[in-house]
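There are two complexes below, and they share chain A, which is joined by chain B in the first and by chain C in the second.
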Partner chain A sequence: MALPPVEELKAQIEAGVPGASATVIPNGSPSAQHSLLLDHAHARAVAEFLRNHNEWRLDYCTLVTGVDWPDTETSEKIKVKKLVKAADGTESEQEVDEVRKTKVPGYLEAVYHLFSMEKKHGQVVLRLRTRNRTDDTHVPSLTPVWRGAEFQEREAFDLYGIVFDGHPDLRRILMWDGFKDYPMRKDYVPPADEIPVVETHS
Partner chain B sequence: MRDALLDRDVFEPEEGEIMEVSMGPHHPSTHGVFRMDVKLEGERVVRLKPVFGYLHRNHEKIAEHGAYLSAIPYTDRLDYLCSMTNNWGYVLAVEKLAGLQVPERAEYLRVIVAELTRFQNHAGLIGFLLQDMGASGTPLMYAFREREKILDLFESLSGARMMCNYMRFGGLRVDATKEWLDEVRALTGRLPGFVDEFEALLRANEILMARTQGTGVLPRELAINASVTGPMLRASGVNYDVRKVDRYGVYDRFSFKVPLGEHGDVYDRYMMRLLEMRETVKILEQAAKDIPEGPIIDPKVRLRGLRPKAGEAYGRIESPKGELGFFLISDGSGNPYRYRVRPPSMINLTILEDMCLGHNIADVVIILGSVDIVLGEVDR
Partner chain C sequence: MADELKDLKIELSKNGIFTTTLEELYNWGRKNSVWPLTFGLACCAIEMIATTMARYDLARFGAEVFRPSPRQADLIIVSGTVTKKMAPQVVRLYNQMPEPKYVIAMGACAISGGPFRDGYNVLKGIDRYIPVDVHIPGCPPRPEALIHAFMTLQKKIDEQALAGSTRPRHLQKDLPSEFPVPAFGEHGLEPPQNNDVFHEAAGNPLKVIQ
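Moving on, here comes the complex of A and B:
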């Protein structure tokens, strides 16, 4: 049996895992690989549900990756009524243009691509989002469900700073242990190239 | 076998003491700069942690800073033995993202160069594996003799032996001449003889059997759960080949078999490469016979100024090492917002510890050799 379309998948997940909520994230590209955003509390239960489902058997987690969505600022022009002082000293109420800026907080995202080796179908894309990019960058780890996520979750932790709760061995993997920053984030500033001074004997 | 994931407490020996050995990063058997923190009880491995990242240059960030076109030469340097398949994985993802079509002749040429790549990769791997086991020189030189002929073909086609930079989204960079295709046919005719010779060289060797059979067994369920792909997965008896499952390109037009192992040990993984080389020859024969005339790239494709619609796509191919995938997110601009490689070499290392536990330290070398890693891809 082929996989159902993503809307039906969402409905079946919400029916199969009590309390779980999934949101469809549409994909505008011709690939039409739509994804499902999961809530943290039920993510692991949903993952187990998908892996153990009799007809889907999504036993193969091929790709785990982080994505950085930085804070965005939207500005809009609005008309505000204000007291304006004219040159002769009289005050009058007038409409003035003002720019209002709203800050939309960013987040980090962990993306999981699932296939089935048994049924030879796919793919299902799952997403987990952190609350923000600074002090609450936790998402639940899915390594206990798919062992194949182990190194890739470590990589997302290393390069993006996503903390996978429940990961058995969350350490840096590509950068060295003492490294401080997260190099794949969009606002990462690489250190300036320093040319070491070599003392030569003349 | 113990599950290395659940069993991560400190191991206490019944008697004696645990010795910690750092294998690598400059150990000849690690095929690059790769380190394993091994804990030993006598000669027996009780813990093994792979440590890598020595070649890390943040390939993904470099690609996100450039245009879609400019990432292609960087993909050559991922798995630097198989630049053709790396190119294909990336251009396939871009084609999915932007909805591009590929002319038929280009699809056939892609199959030809990808299968030649698979052949030389497997030949090289077997050569290195036997070298690790002490068959010093001869098998490796046999493999490299054949590999050089394939690299000569790549050079006359693309201008470079290893960093081919040959594919483009929507097609290919240069067309193959009639003479080049004749050379491919001539070489394909000679390859089965080489495989026979290569197999006869060591198939019935007693030392090889004793070293490889029953060593580094990877059970079927664990292989699936740990996202192992490629010949390593099929050695454990899982019938999963992206060429057959996705039927990307024109792979649905060729008849070939997917060899499967039974035991999932080093011997099966070694035999899997030999058998795949035979199937590769079959595909090459059919592709070189059926290749049509025609354009090699859609002239409407904007190579330099490609700006795909906002969205994302995951494209994957069966590279010689396993499933090579590229995940791209576009925000509508001229460079990818997110560019991610699914490196088969790195993910196949996940269960290295599980396979090595309980074996002697000398077996670690051949178990690692049978995984088939290239550090340019592991570290990116």
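Moving on, here comes the complex of A and C:
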């Protein structure tokens, strides 16, 4: 049996795992690889549900990766009523254009790609999001469900700083232990003394 | 004076008398028996291996004996990408080689970081930590380029003086034969370069001096 569309998956997950909530993240590109955003509290239970499901058997996690979504700022023009002083000294209420800026906090994301070796189908894409990019970068680890995720979660921890709670051996894997930065984050700046000085003729 | 001696030598050889100097004899021996270290880092190493095999045959130049120990090697061919994690080991291998010792930096990565120069994990040229004798551009350089680099090194060895102020490093007691091994820092290697070795204008192809 082939995998159902992602909306059907979401409905079955929410019916099969009590209390779990999954959000469909649509993918507008032609590939239409829609994904499911899981909540932290039930992510592990949902993962086990997907792996053990009799018809789906998503027993193979091919990929774990990180995505950095930086803080963004949206600005919108709104009309505000304000007291405006005219040239002759009289005050009157008028509508004035103002730009309101809203800061949207960023987050880090762990993405899992699931396939089934047994049923020969796939893929299902799961996402887990941290609360922010600074002090709460935790997501639950899915290594206890798919052992193959171990090194890739370590890599996401190493390069993005996503902390996987419940990971059996969460250490840096590519960079050395004393390294402090997360080089794949979008705001990473390499050490200044390594950047070449390029002087050109003006 | 040197030219007069050379002319005299040629003149003598025309009359069946062979003359040489200790320096010439010594360098002739050294340059034709350079033992490289069995050491490769990335895809350039595959070209280095090809250079030693039958088709290109580096043995013609007396460098077929790749030694598995730095204690027995004269030349380290830095063939490939030097990651920051690997750089201390490369410097340590160089330090373990006995003098006189030579370095060929093979390929874009080894001379400057190459395509990974803007990355966070690759050293921007091994000449930041150890003195390089011959740089080879290319990605990867063909075996002919390595042979050319090797011939360039042979020429360099041939021209080294045994005495006088221009004599090479290994004949000057006060010059170092070992160089500091960089340490893993919080943001990168510390120090980012050894200023006694690294000459930015020469070693940095991106720097344009006005």
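Rule of thumb we're sticking to: the second predicted complex is superposed on the first by the 192 of 202 C-alpha atoms of A that agree within 3 Å, B and C clash if a C-alpha of one lies under 4 Å from a C-alpha of the other, contacts with A are read in each partner's own complex, and residues count from 1 in each chain.
Note that a contact is a pair of C-beta atoms (placed from the backbone, for glycine too) under 8 Å apart; a residue touches a chain by one contact, two chains touch by 3 or more.
Predicted model, so just to flag it, every value in this text is computed and none were measured.
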Report the partner of chain A that touches more of its residues: chain B or chain C. B
Counting only touches as set out at the top, which of chain B and chain C does A:L37 meet: first, second, both, neither? neither
With both complexes overlaid on chain A, does A:V163 touch chain B (first), chain C (second), both or neither? neither
Go through the superposed model and pick first if A:G28 touches only chain B, second if only chain C, both, or neither. first
For A:P191, using the defined touch cut-off, is the partner it touches chain B, chain C, both, or neither? Pick first, second, both or neither. second
Quick one: is A:G178 in contact with chain B, with chain C, with both, or with neither? Answer first, second, both or neither. second
Could you tell me which stretches of chain A are touched by chain B in one complex and by chain C in the other? 174-176, 183
Complex interface listing, chain C residues touching chain A: 85, 118, 120-121, 124, 184-188, 192-193, 204, 206-210
In the complex, chain A touches chain C at residues 174-181, 183, 188, 190-191, 193-194, 196-201
Flag every residue of chain B that touches chain A in the complex, lowest number first. 5-6, 8, 52-53, 56, 58, 60-61, 96-99, 222, 224-229, 238, 240, 245, 308-314, 316, 323, 325, 327, 329-330, 338, 340, 342, 346-347, 349-351, 379-380
Looking at the complex, which residues from chain A come into contact with chain B? 27-31, 33, 59-63, 65, 67, 111, 113, 117-118, 120, 123, 125, 143, 146-152, 159, 168-169, 173-176, 183-184
